[in-house]
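What follows is a set of structures for review.
In what comes next, chain A is part of two complexes: it sits with chain B in the first one and with chain C in the second one.
So, the complex of A and B:
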């Protein structure tokens, strides 16, 4: 009888994932058997776990190890994105405890779910096999469905969870069908093998099965990054979900979607670039314009930031359309700085809101600049960075995205991007006008800045400012990260 | 396998039926069943392609899809129960608190 030989696998590339998964499961057990009531200690344990994982991930910088017969890879590209995910999760954990306590839904399962989401996102960034990427995407999505509906007693949160689940599962269907057709056209699910098969085709754009597969896969990922026309879920889910989870959702999964898109489009299908970049050109323009124009008339600030997050996905799509070194490094830079500024802005929103998520309108910021000047300055920095004004990180990110597009000859795309960016200043400035130029209607005496939230705000302010003043500290890493793909 | 196209056409039709179902039905559970139909159409595509190409990759993929679909069903039904507890309905017409 033939013996099944067990292959030797190198576990090094997935060590951070193993560590996080084990930590998440241990936390679930601690939550059940540990003391009931107070759950803050779970937040602290997960925060230090995330820091430890970041050290583990950082130690792998510069290496290039393929493992599990080429379905997972450890390279700088994956490492950079893993750092973004860990950062988003770390900030989300810091701002969660106070909010969850106030809303009365401080269930301990929150933190393991965040960690599982991170594990899924990490596999999306490091997967070099359609199977790994799919599994990562699903681990991420299934945890996110729960996180969106986490506040069980809140009707809006219920709706957000249900809506995200139904539309997310629907988009998964398209993604999988795309993967199946790609598998049929190329005979493999390994990204590098797909690349060599597609590279040998004389006319890949004439292969209907391959093109259909690529388009359907793109549909699935564009849904996750909230690009128009697959954006309809975004405002509702972002508004209904608990605010810390909205912050997390707008930063982490968007970056993960871009990681997977970059790897599939640039590594597996570079010979089809003419075709997919034409399509992305249109989608980038639509995404920026629809996001910004709809954001102009929002009063609810979470909803406004949801539409602005659609617009930001559009800016990053400009970089993907160009697809050259400058623009892809720009995407990585932008995703990192977006994580800082967006989670920072949501942290301030959490502090301004009252129990039951009331006080969430732009008008409720009236007079914040007089009553709580430090908070108002922090919010101003985040909004300036989101609007892309110098000297913030948001400006540098947009600069690299648009200059990449210009280098590739997409002058009009860059022009439309800059115009959109100018339009977006209106709704970001509107919040500032309320903060500094309106009479205060509230005393903001309920706004307590606890130590974890203060730490998150400091990290977010530093992350939105420092890369704007000395871009090279991030940009060098981003450039090294995209060199390999 | 001599009749690959037949299998692919059947799975494409199944996928289309599932998609149309998702877009036209109002009951969240029926919508979820339509999504499952889409996933099973994908499974059929994978298995027939796997047989045609003569290796196992596609069939392994199907096992993963089925596992993930089970996990998704568990989470999805829990979300529907939470929604039902608050609204006494799982009709998607009642998912209407937030409008732009």
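So, the complex of A and C:
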């Protein structure tokens, strides 16, 4: 009998994950056995569940607990990212109900799926074992595939789901292969052990198996964050997916991808920094430039924001290329502000669009500025923040990202970054041109703003503006978070 | 009051909050409240003027922690010296005038327009008072947003093109400056500088190569804003399309951001590089003067003509500033104020006739002086001021610039630039003649009404300033002189290190010999001025008598 020994496991680091998973499963049951028809109450339950989880996560700030024999860790880095995921999910839930009701696809499974996605992302951020990270990524991805195709009566949504699934599965293959090779080269999947093994290698860049493993893993994650040249899925999926899910996808999984990349590259393979940063330099430039230039030509605003989201991944890659304290804190800050401003922008899009995802062009914003001034001002704040104009959070984020690059000596990378930023201004301004400087072509009824959407907008506006004026309130946490990884 | 600078800067924001509670249909309330806010703000700024000590130090300093994260420390660090003082006053002085000019010009979306105006005022004032590089950058960028909306929403036919062009041009320049700013900060950090405070960076010694890159980045951003040839193309578009108040503010204050940027940042931060590039910048300035004057001459649209005249005037400012001597920079500073007043007035004048006739084409007018005598008189005075006729403000500035530049290494540039003075007389007088004189043959013009009381009230302060600054510029020069002397001494250390001693300087030139800045360091026995202890009055009065 004493052959089997049950290891003492500290459950504290994964309490929020457990809580969310249980909640998601309960929600599934409620959905089946509860009253049919209106599903709004599920949204409320999940929103409060998310808030409760956030409290739980926040309570763990400052701690450092390793558990499950070092495959999961509770540290500030994980906590910061978990907050981003919860925020993204919370905002997505708030803006979902009205949209799903209008599109006639308010199926109750939506909310459990969002929660499962969050659980997956949380494991990506807190995982310190390649297998944990992989499992987290899979939980996240599988839920996302379903969410992208959630509007099953809509062809485009189906296309989005299928496309995301096929390409995503393919990229997961790369990732797994990379993890296998890394295991082969180092003999372990624990990130901190990989770090010490790689650290002892005299010339890690000569170890072809390790380098190949690293490159393949990077491919897998770069796919999730929609970096060029692994970005092809983004516009179609973002356009086809239900808008709240697009908002969610553009913020959450991107942050999760960066969390995993940061931990693997900076913790496990710092001695290979010369190699991976050279590669990322090129990818960052490509990602920013391709994203921005293609976005210039888009009329469909969801597609435009999809390309812009590629460009934003590029800005964050600038920070990853630099990889120093300034830039990594910048990435965390940027991911958080991007969550606010991008989901905010999508919330406005939801209010402008009409049933069947029509009315989604830039031109349809004509006249919004004076017909619905509050909504337009909110949109203006989001757009200026996306464009990186002070005094918004987007500016401070970019400032720290590019500063990190300058500090590390990548001045040209920063220059290319700011020039890209200037180019991006054009398409953000274009929306404002329609909002404020053109008359609406036809009179139409504006969708009513329901209370949850209004709350989401208020949170998003506050999150896009306040950290821009007093950035320390977020930056201090971001800097503490990156100190420990 | 120790925080009067902050009060001036942020009072307009309070005004915005007030406006938010006024229903959008009560247009006259909106207008009057905005006017009141700007007037109060002007009065507050006058207390700054009266409390200003005539010395080279920064005053009214407020220095509070703001951001401290990572390698960066940004502080809310503001203050003014004799250079920024006048630009602050100019801003608060122009604002009520601009607001008053919109009373009949803007009938739609009044509330939003007034909000834009007030936001713009905060942005402009903030940029002038910032002593923290990061804070300056924030205000510098924030200014763009209300101006963009003003052009884009209330502008003319081609407003969207003009607004977007204005925004993107400025953005490209300022973003490159941002990278330079970050780089400068890290350089400063190596030397022990602890925050973005401008004054610390003045003592930072940078090697030539670094200076050149940083100077280029700063200079590019400012050159777009000035605007200098060949980066000026956004200006005629922006001016032509902007509503009158927008044009007035753009000309009077926003363009000064560029020249102020050179004086406050680009030159003293990178003196060696500034010396190295002075001939190049002077060349562009002179090209700007001549080219813009020639282009102005053939314009059919009065507003476009005034816009191009701006480019020419700002060329003079740049020439004076890059003379690096007291006369040149004083002239440049004065000319910045003068240009603000006279070009602002010109845009108002264009606005008056546009409101009456809804055209700005020169050929649509003629003989207006018979119909509108008051208007004609005012227009004439402003025209003279713009040309730089002795007795008006324009003369003092231009004269000092030309003296200063002639005494510096830019002698030959000055010779060419002087022809710009004549050209400006040509196009201004010619347009005046075609609009005001001749036959009053267009029946539409025969029914034109002369200026009403409000319009005269707008113009009177400007006319008064034209004469005050033209006849007695001493108080203006006195207040700015110590700061300018300090700047000159900051610039003087340069040639020794970099070994680019200006070739045009005669040996034993006072600007080279004089000791480090003292409060009354106008070079005695300066060749250009009669030997007198009171050089300031001498310099400006003498030429008057000579004419």
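Simple rule for what comes next: the second predicted complex is superposed on the first by the 479 of 485 C-alpha atoms of A that agree within 3 Å, B and C clash if a C-alpha of one lies under 4 Å from a C-alpha of the other, contacts with A are read in each partner's own complex, and residues count from 1 in each chain.
Everything that follows uses one rule, which is that a residue touches a chain if its C-beta (ideal position, glycine included) is under 8 Å from a C-beta of that chain, and two chains touch if they have at least 3 such contacts.
Being a predicted model, the structure only gives us computed values, none of them experimental.
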Touching partner for A:446 - first (chain B), second (chain C), both, neither: neither
Which superposed partner A:294 touches (first chain B, second chain C, both, neither): first
Touching partner for A:422 - first (chain B), second (chain C), both, neither: second
Touching partner for A:187 - first (chain B), second (chain C), both, neither: first
Which of chain B and chain C A:41 touches, first, second, both or neither: neither
Touched partner set for A:476, first chain B, second chain C, both or neither: second
Residue ranges of chain B touching chain A (in the complex, touch as defined): 8, 15, 18-19, 22, 28, 31-32, 35, 38-39, 41-42, 45-46, 49, 52-53, 57-58, 60-61, 64-65, 68, 71-72, 75-76, 78-80, 82-83, 85-87, 92, 95, 97-98, 100
For the chain A and chain C complex, residues of the former touching the latter: 325-326, 329, 369-370, 373, 384, 389-391, 395, 399-400, 402-403, 406-407, 411, 414-415, 418-419, 421-422, 425-426, 429-430, 432-433, 436-437, 470-472, 475-476, 479
Residue numbers on chain A that touch chain B, as the complex places them: 130-131, 134-135, 138, 142, 145-146, 149, 152-153, 155-156, 158-163, 165-166, 169-170, 172-173, 176-177, 179-181, 183-184, 187-189, 235-236, 239-240, 294, 298, 303
In the complex with chain A, residue positions of chain C that touch it: 66-72, 109, 112, 137-138, 141-142, 144-145, 148-149, 152-153, 159-160, 163-164, 167-168, 171-172, 175-176, 178-179, 182-183, 185-186
